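Just below is one structure, and these are the notes that go with it.
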């Protein structure tokens, strides 16, 4: 079964749901899932609606033009996706392998409907994993001097491969604002703390020093401000006085890969809307 | 602000959401929350929609008659609630006090918009708590011989007090099918295990014997089959080999009161729909 | 059954466990629980050992003098407690009632082996609860001008009542260093965030603004630095975009009372050792 | 640093901890970790003690004979392990790949100190993964007729490879009591429910039918009774009415691999003692 998904945000107004669902119904669409949210503080409306395209009266490429007038009338920010689209994802790594293994396993087992045309790294350490899974591995050694040049080369490569989504799977380099601007809300990072606690370097060491009883991981879209982008998903696990830093790192790895994979799942399923540096993640 | 909430289940058909939201929109209602679900296995549609009554063009008592034709057309099971309704709750207890304290604290602090005209018990043990909170306490000693007679008397009392919801807050008596039939999906029980594991008596002892690493609590609507009704809410906590039965009981009490209060919150907020011996709990 | 509990911290040295357990064994003590921890980073040894006093060869009041030479030899920081001791706890509150209700319920139901001779507040709001539970309620209105004077009066009252433990159950006043110095590691606070995230005022508002997917609560010993004392217990719960600030506050209350009560339970059970602004919490 | 670990269970008696720690101290051992537990119901004592072998006065191969007299005196069940031992693990799989990928990733990244000399399967499906990681893959097609013969061949292979631990990583065959008897408390299974709920086939379907709000996974030692062996680790995750069976399966996979890997970690670290069909899992 093929389906279409509309993602909408707009100023809140009476009749929005009626207008949108009527648009689908009049063309003989059967709604499979509908979720909406109103942020009454900012008077903003959000909606995700998915419908069965079987028997839908207009062709896929005609849906956007047909919807545009309604969207304009209600000042919507909107996009439409189709279930047979296949996104293209680039993975950036450094030396830590747990997230990479986890992502490639999910990809290869068919859990994720995504193509992974390349892996980029600033170190050669994980090339052997890329080889195991037959994915081209591109190494870009980064120094202070060559950073902007290397980023340009990376961006060129992403463009050649028509990348939709960049995932920083424990990539230990700060991406520059120029790079980020090319992929707004399309670069996902995993940070190894429950943000906003312990941003920056060595969060497990910070957690150990502070003596917290819970550690966490946070997946977020990358913005120009470090570790401050819209949070997509977080999770935590208990620690106690017996947990050394290395034990926290070990436990944290399981969190990191789970939290990152849930964020990617939500993104690939077109379930995430960003506003006010926050996310609406529809179930 | 006053609001109305429609709860609907029906066979799934095209145009349902459009028809319902159009009904609200045409009468100048502004939707605050809308959640829907389609069980594709049983081809059943569920919806909860809440809208602001400010400026709504028909009076509250005319909403049901106005909606009835649409409901009939789509074969809906439905009900409408208003935000100024105040449900009436009876609490049944035996000797354990933790759930009772927790419920009365929430009620008195105004967390729950509910009246509690009476507490019923088969033991005198907790009368002192009812007194603290100035709620009439009715004791019905139950024996094999007088059980059906006592239940009739209890039912009479519930009717006199126009009770909407019965909560069994660790009431250690089995309610008969006749009693249950008077309050279908309106009797909430808390069972001290993660059902379907450990139904019946002494679940913490069962959990201890089995050596589980997690214990739980389950709140469900009471049906004729013991501990087998539709589950509204569950939660769990970790235990290990150091936890004796009494330690499990102590930890479990916190679970029980939290899980029970969440189930009551969902019920009072008209968020629960029952079907196929399961629940849809709208957020 | 009566038991004794030794709490020890010392520089780590070979033979510590053997020496301590031998001390107990030679006087015919049967160890019920023993937990130890070595912080290898700081070369510090921690231990909690509890033994049955039935048949123990020396009287309770002779145990400390008998143990002192061994303690000196190994440079121990130590204390001994007995199972029949009953601590005396003062509760400080302001206007929020959920933690107070929860604590008094646990106390009254006998879950906690503690006396509560008084409740102190800077507002009259919760006096009715103190009355319900027959506990003297002392109101100290605090202004910038009278703060140090009022704190002195509070301290006098605590001394008169021989208070062992002060619990700040959502007390909305900052305690001065002078007050804190009188009860080192004996003032427990509940903060409504997963510290170190969102210290200070209005943590739920901060959490809402930041768009976190998890909120928490933290119970810690009060030190001179605000919300930075040794953490005893933390817990968290999930939120999402549908949770308004008021919904976070509602969900957070359940966290706060659970986390606070667990910290009090650990403290009353003589399970907490403080070092390096962190805690060892023995199970 | 090399260390030794003693695992002991015995009837509880006065002086046990003193005797054991004295044994270590007198030979100049420094205790790194000590954890003990007394099951007062069964009057049984459990202990795990790990000490630094640097400067220990007797050689590794002399430790067991030196300890034996003490063990006999106290009727101990005991074993001693050394930190440089490397266990040998066989993995049994069928068609599901998520646990296998996860285990091999941990092994290859060095998280687990273990050798994996072979993978056994009743299907060819996952051979490509074994190849990726360069591990011999042995297929044993199982029919009713050849089952005992094939099990004998499997056992022979395990013996040839001196296997210490067998992990059933979603192996969809029931192991016969004869096979189990060869590896008592050394066969770990992952079951995809929070046992004892939903034993046997299709637990996610059972969970969906029952309408539970939480699903789980359980790792346990395999005994002759199906899904009833000593539980090593469990974990759970929330589901709601929107989760179809396939969504539960997807979420459950993450649980299964995490729970299984934690159980393996505890087993490899010599942290698990079995008694009364339960486990003591030392931290």
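A few remarks follow.
For clarity, chains are labelled A, B, C and D in written order, and residue numbers in each chain start from 1.
As a convention for this text, contacts are C-beta pairs under 8 Å (C-beta built on N, C-alpha and C of every residue); 3 or more make two chains touch, one makes a residue touch a chain.
Just so you know, these numbers come straight off a predicted model, no measurement behind them.
Using the contact threshold fixed earlier, the set of chains in contact with both subunit A and subunit B is C, D.
Of the two chain pairs examined here, C-D and A-D, the one linked by more C-beta pairs in contact is C-D.
Homomeric contact subunit A/subunit C is classed as same-residue, with over half of its interface positions used by both copies.
Chain centre most remote from that of subunit A: C (centre = mean of CA atoms).
Separation between the centroids of subunit A and subunit C, computed from CA atoms only, is 41 Å. In terms of their C-alpha centroids, the spacing between subunit A and subunit D amounts to 36 Å.
Residue positions of subunit A touching 2 or more other chains, listed in rising order: 40, 242.
Within the complex, the subunit B residues that touch subunit A are 12, 14-19, 21-22, 24-25, 28-36, 38, 40.
The touching residues of subunit A, when paired with subunit C in their complex, are 37, 39-41, 46, 194-198, 210-214, 216, 230-236, 240-242, 244, 276-281.
Across the complex, subunit C meets subunit B through its residues 97-98, 101-102, 105, 108-109, 111, 132-133, 242, 250, 253-254, 258, 261, 283.
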